[in-house]
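These are the structures in question, set out in turn.
Shared between the two complexes below is subunit A, which has subunit B as its partner in the first and subunit C in the second.
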Partner chain A sequence: MKSSTFLSIFIGLYLIIFFGYLFGPLILMSMTAFNSSEFPRVSPWECFTLEWFDVLARDDALITGLTNSLIIAGGVVVLSVLIGLAGALILTQVWPRLRPWYYTIVISPILVPGVVLGISTLIFWDRLGTMFDARYDSVFYDGIFLTIIGQSTFISAYCMLVFISRLQRFDPALEEAALDLGATHTQTFRKILLPFLYPAIGSAAVLAFLASFENYNTTVFTVIDQSTLTTVLASKVRYGINPSISSLAVIIVAITLVGAIAHEALRRREQLKIERGEITDSSSAAANKMQGWLSGNPAMILLMLVFVAGLGTVWFGSQYSPNQCKVDVRLQKELLQQRQGPDIFSPQGGEQTQPQAPAIPDGSGSGASDTNPGRGTFGDVFDPGNLEEGEGAAPSGEGSSGGGSGDDGAAVQSPGASTFGDVFNPGNLEESAGTGSQE
Partner chain B sequence: MSAGVGVELDDVWVRFGDFVAVREANVNIKGGEFFSFLGPSGCGKTTILRAISGFLEPSEGTVSIGGANMAGIGPNKRPTALIFQNLALFPLMTVWENISFSMEVKGAGKKERRHRADELLELIALADQGEKMVHELSGGQRQRVAIARALCAQPDVLLLDEPLSALDLKLRQHMRTELRAIQQQVGITFIYITHDQGEALTMSDNVAVMRDGVIEQVADGQAIYDDPATPFVASFVGENNVLSGKVTALSKNVATVDTNLGKLRARVATAVQGGLNTGDRAMLFVRPEAVGIVETGSRGGNKISATVVTEEFEGSNYHVFMETAAGEPLKMSLVNKGQSRASATGTKLTVTFDADRAVALPVGALASE
Partner chain C sequence: MNPVTVLRKFFDRHGLFVGGYLLAAVTFWMLMMIILPQLTMLDFSFRDNLPPSKVGGPEDVYTMANYTFLVFGSPGNPEPFNVVDLSVFGRTILAAVFVTVFDFMICYPIAYFLAQVARGGVARLVVLSLVVPFWVNELLRAFAFKILFGASGVINTFIVTIGLVDQPVDFIKADIALYAGLGYAYILLMIFPIYNAIESLDKNQIEAARDLGSPWWRIHWRIVMPFAKPGITSGCTMVFMLSAGALAAPQILGGPSSLWFTQLIYQWFNTGGNWPRGSAYAIVLLASCIIFVLLMMRLFKVKLGEIGR
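Let's look at the complex of A and B:
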């Protein structure tokens, strides 16, 4: 009796750690999207805000990247699904003894590192372009085109796997039956095999879309002078981030959730249909349909809860204005700093009032005024209460990339809270790791 | 169509690599006939059917349908429709769409298709079930949908590959009658495959019995049962007692066979008349229902003494299982006429059979149990 309680406690603990490990970063990062703090973080919690979604919507580089990512993903979906389908169909047709060889060859791009695929795509099309004396604005050097081609080399293999597993469940007698009833081979394909493959085409398309959308290591080579969401994000992380990236992550997570729920609902319905077919008693099955697709799947219920919570947050955000809270927080900080030392407040205040344009103000502020170095000063750094504050502001300083001579001066003066010091701050590392995992 | 379209297999061989699935098949199936291929599983029945329907080309020989050589003509161009062993109904279509598929691929309009489907649903007694999905039907209903789907293509020849094997006994017996009725109604040639001799005998005009790719006998049901051409047919179709020995005399197609139970007389099977000679080793087949208890004071004939092992009562019949003096089993079936069944275990009996109702054949392979 006692050991079983121990065991259940242990298992419970294990599950908490396990799911914490899986979802902790995601949840934490999602929360940072709603904190008005300049840097993605949860604690200290300042104000609930949706402003980072605004910032995101106004970030041109990100939006361009996102648009390109969507265009590329669309292209990859079309190309990969077609190639994957053709590959899978050929597998069922080739001479049985050839099959393992064929399979290995077609599947091999999955085993090749994405980097290698990216570089080789780039080189191949460059050579081809040179052969045809193509200009640099031709398709041979078009980042979007090359990325579609490059990603499809391995994503089509994923798609093929999806199709193969579906085809394995296809009863070839159905094709023969159709032929026997006078259908041509084309009609048999269109009316029998293709409808059977529709679910697999859907799955393959979603898979291809996601794989393309999140791809970095192939894309970073093939995209050349253009950008995708992942390459933009990568460069942002390098040059300093703000919570608008978290808000993007929240949007992506939300879309994924909706997709997962929709997919699960569809799958359940189909499964129910099959079960109903085996029971052949259709009336009772219809009655417990709703119950059927929720029961026995706690993950599904959890997903629904998260989804509802998300909707609630959005609704709350649209009703509530963070301005009053922000003013309060600012006052509080000013009070704190007044108690700690005299010459601090001006940059802090400026920073708080302009969160929408995080890249410019602070760096130039500290760079421009040697006489009023603000948080960059010596005295400040050694004030432990201030360390946190500097951390939050630091990315904006970094954002000014290169900065004025004054900036350099500040860096020399204050290794703690300045540009470089920040990077080594363990608290900071954690945060960017959180966002990093999302890419 | 009422005249019917015949099917002819002329010296057909089918090989898969070195393996011979069908050997030298010669069959002439008349138009409008209900013809069965009967044989144990794996003997090549499906292979023959696939050769007729066009899913495989014979390695040698020709298949003709309605007098026309079918070589090089694909399954979708032949006037045949096949009912698959697993039915192969289209799972993503409704019942009526399944039935009218053959019209859909010819470009018929929806109204026309629906109309025809409803007619056929009427025929198979499934009217107003057309909107259901296939998986919502019971096994027997699916069976009938498969038949309707095949009939909708208006084939000259309907091919059925063990269509009843998935059904339970009761339904199977019911469907036998129904199939036969449908065949007589539409009047087209049915080629039916089964490993169940009961099915073959009850439904067919003619039966071909197959063993290991070889067609051993083609005849009507009664001839198959009463006048088998080979020991395999004799032992595969129905039950038979087997006694082997050497032919010692032949007169007017009655052979005297010297078995270890003494000299027994039997009619020489029609197929081997002239082929069985004195001195040949032979097998003698007697049906259990041809065996009877010797009436006191009867004269001559085949006499065997045996000991009762057990007795089974089946209502209309009872079956007495005995052991002969040579230790071989012998079965006797007696019609229940209300007589007393005083044949307890250990009872010694003398049984007899008419020479006319036993068949003598040259020694050959028997059907394994």
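Let's look at the complex of A and C:
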């Protein structure tokens, strides 16, 4: 008993770590899409914002790439499903001694690195183009056409595997019966075999679409001077990045999640139907059916939750404006920069600040009555708008530094500030305030 | 059987329309998409880098120059071998092996759990959560790891904050980010073949071994693993091939000084502008992958059909 509890704890722990590894990076990446920081990161969390989605929507290169990707994916779906189906149907009819060879050849694109497939496609069509003296704007040098061909090389093999597994359950007697009853070959194919294969065609098409849409290794060679979503993404990720890529990732993750859960929910429903055969058929009350459907279907509940969360986010985004928060953060950053300021620019200024420095932030951080004089002094120098923001930013900026000397600080504060006012011109005063909040 | 009768029987069986479609599609696939492009690439890799006007001219002869370049470097090279490119090649292969072993170690327990322990809803949930990250774009997954491991990334911020280290650790330069990202990318391809294999294992065998007093590690070593060998081989082969042939993750997560072999190929095609040399490198990559597959098949005595899922 003891060892089994230990084992289950161990398994649980392992599962948590494993799925942490699996989801942690994706979750963090999704979070960066909502941080207003210019650089995709989580740790100095600045403001919640949806502006990166706007940036994303206005990114023309990305939109062009996306359009091309969709065109290519469409082409690949058609070509791969046709080829994969033919490949699977032929497999059973190849002369048995040739069959392993045939299988090896058509399955090999899956095992060949995508880079190699892309290169060979590019070179082959380039050679063909040279052979026919084709012009550079002809189909032989068209990035989209070449990408469709290059990707279909291996995606057809995926589709073929899907069809093979479905065909293994096909009863050839059906075909023979149709032929005996006088159907032509084409009719038999269309009326008997194709309907049997519909589910497989569906899943092969989805598989082909996804595989094409996310392919990079082959595409990067065959696409030549065009661009797809993945090549645009690659150049964006490698050079200058901002969180709009993360917001794209959020969209893709959300679509994937919804797709996967919906698929699971549908499958579950099918399963339930089979399990409780007549119950589902006879249940007349829609509500009753809905309830039973939901209770037996965690995936469906999850899907609805995701949906509600999505709606909530959109609503929140339309209501909420991060501008105030961003102004605060910018001010805080300015303060942060100015902290180092005096040390670098004038050692003299740095020395002068030293004794007075602790006074200012501690005052503003502690009791309001103590800080009043201080505020007044600042008020002479800053314009009112800046003052508010400055007050807002300062406490959080120095949160970790010890704020024990509240009373002393407040006492010294106003003379200190006025001294500054004498020494520096108003512009520099800001800097000294920044230095203060550092110490 | 002569080809004409074979063809006639084929068309008799399928009718002209369907038969024509089947034959045309498969012929196009095998010739125009698989065999001829590979042969063209092989042919191309034995040629000099000529401008289009000279292709087919008297200077267009076969040469080993591209392969000797990979091994010995340019003629003026002071070293006896092309140290830079060869070490990139060696490091790529070694790293791919490392990623494969890493993936196997983390995936085997999950596959076993999924196949033998988990039931019903839990199993479906696990499968679902395995599939979802896999369909997120390869580049975005690499990007996620860049955020995680970057100098101002989450891990660095965390370990600096808790005081484990003073300075941010350069995970990118140490290639840790790369290995983690590559391993992450191919988890699913390791789990599913192993899962498929273990699922068909009769539970009674495990219980019999347990009743006879075998410790858990010996049950795995002597019963589960030998039974799942085709799946393990298939998973390892897939992961090795894909990580050796990966381009996106090394481009994004690789350190500035460490290249992946595919990046060399990419450079010859793009910035280098020497396609024949790039093809030669690609052929070398392809050949080493084929050798690896054959080696695995020989070593673990499985057939290609089993590897292809």
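We take it that the second predicted complex is superposed on the first by the 280 of 439 C-alpha atoms of A that agree within 3 Å, B and C clash if a C-alpha of one lies under 4 Å from a C-alpha of the other, contacts with A are read in each partner's own complex, and residues count from 1 in each chain.
Criterion: a residue touches a chain if its C-beta (ideal position, glycine included) is under 8 Å from a C-beta of that chain, and two chains touch if they have at least 3 such contacts.
This one's a predicted model, so the numbers in the text were calculated from it and none came from an experiment.
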item: Residue contacts with subunit A in the superposition, subunit B compared against subunit C; value: C
item: First (subunit B), second (subunit C), both or neither touched by A:D328; value: neither
item: Contacts of A:N217 with subunit B and subunit C, given as first, second, both or neither; value: second
item: Touching partner for A:E270 - first (subunit B), second (subunit C), both, neither; value: neither
item: Touching partner for A:P113 - first (subunit B), second (subunit C), both, neither; value: second
item: First (subunit B), second (subunit C), both or neither touched by A:T184; value: both
item: Touched partner set for A:L174, first subunit B, second subunit C, both or neither; value: first
item: Shared subunit A surface residues [contacts with subunit B and with subunit C]; value: 184
item: Subunit C to subunit A touching residues, read off their complex; value: 1, 6, 10, 13-19, 21-26, 28-30, 32-38, 40-41, 44, 52, 55-56, 106, 109-110, 113, 117, 121, 124-126, 128-133, 135-148, 150, 152-154, 157-158, 184, 187, 237-238, 241-242, 244-248, 251-252, 262, 265-266, 269, 275, 278-279, 282, 285-286, 289, 293, 304-305, 307-309
item: Subunit B partner contacts - residues on subunit A that touch it in the complex; value: 171, 173-174, 176-184, 187, 191-192, 195-196, 273-274, 276-278, 280, 282
item: Subunit A residues touching subunit C - in the complex, by the definition given at the top; value: 11, 14-15, 18-19, 21-26, 28-29, 32, 39-43, 82-83, 85-87, 89-90, 93, 95, 100, 103-117, 119-121, 123-124, 127, 130, 149, 152-153, 156, 161, 184-186, 189, 210, 214, 216-217, 220-221, 230, 233-234, 237-238, 241, 245-246, 248-249, 252-253, 256-257, 259-261, 264, 268, 298-299
item: Touch list for subunit B against partner subunit A, complex; value: 53, 55, 74-76, 80-82, 84, 86, 88-92, 101-102, 104-106, 133, 135-138, 149-150, 152-153
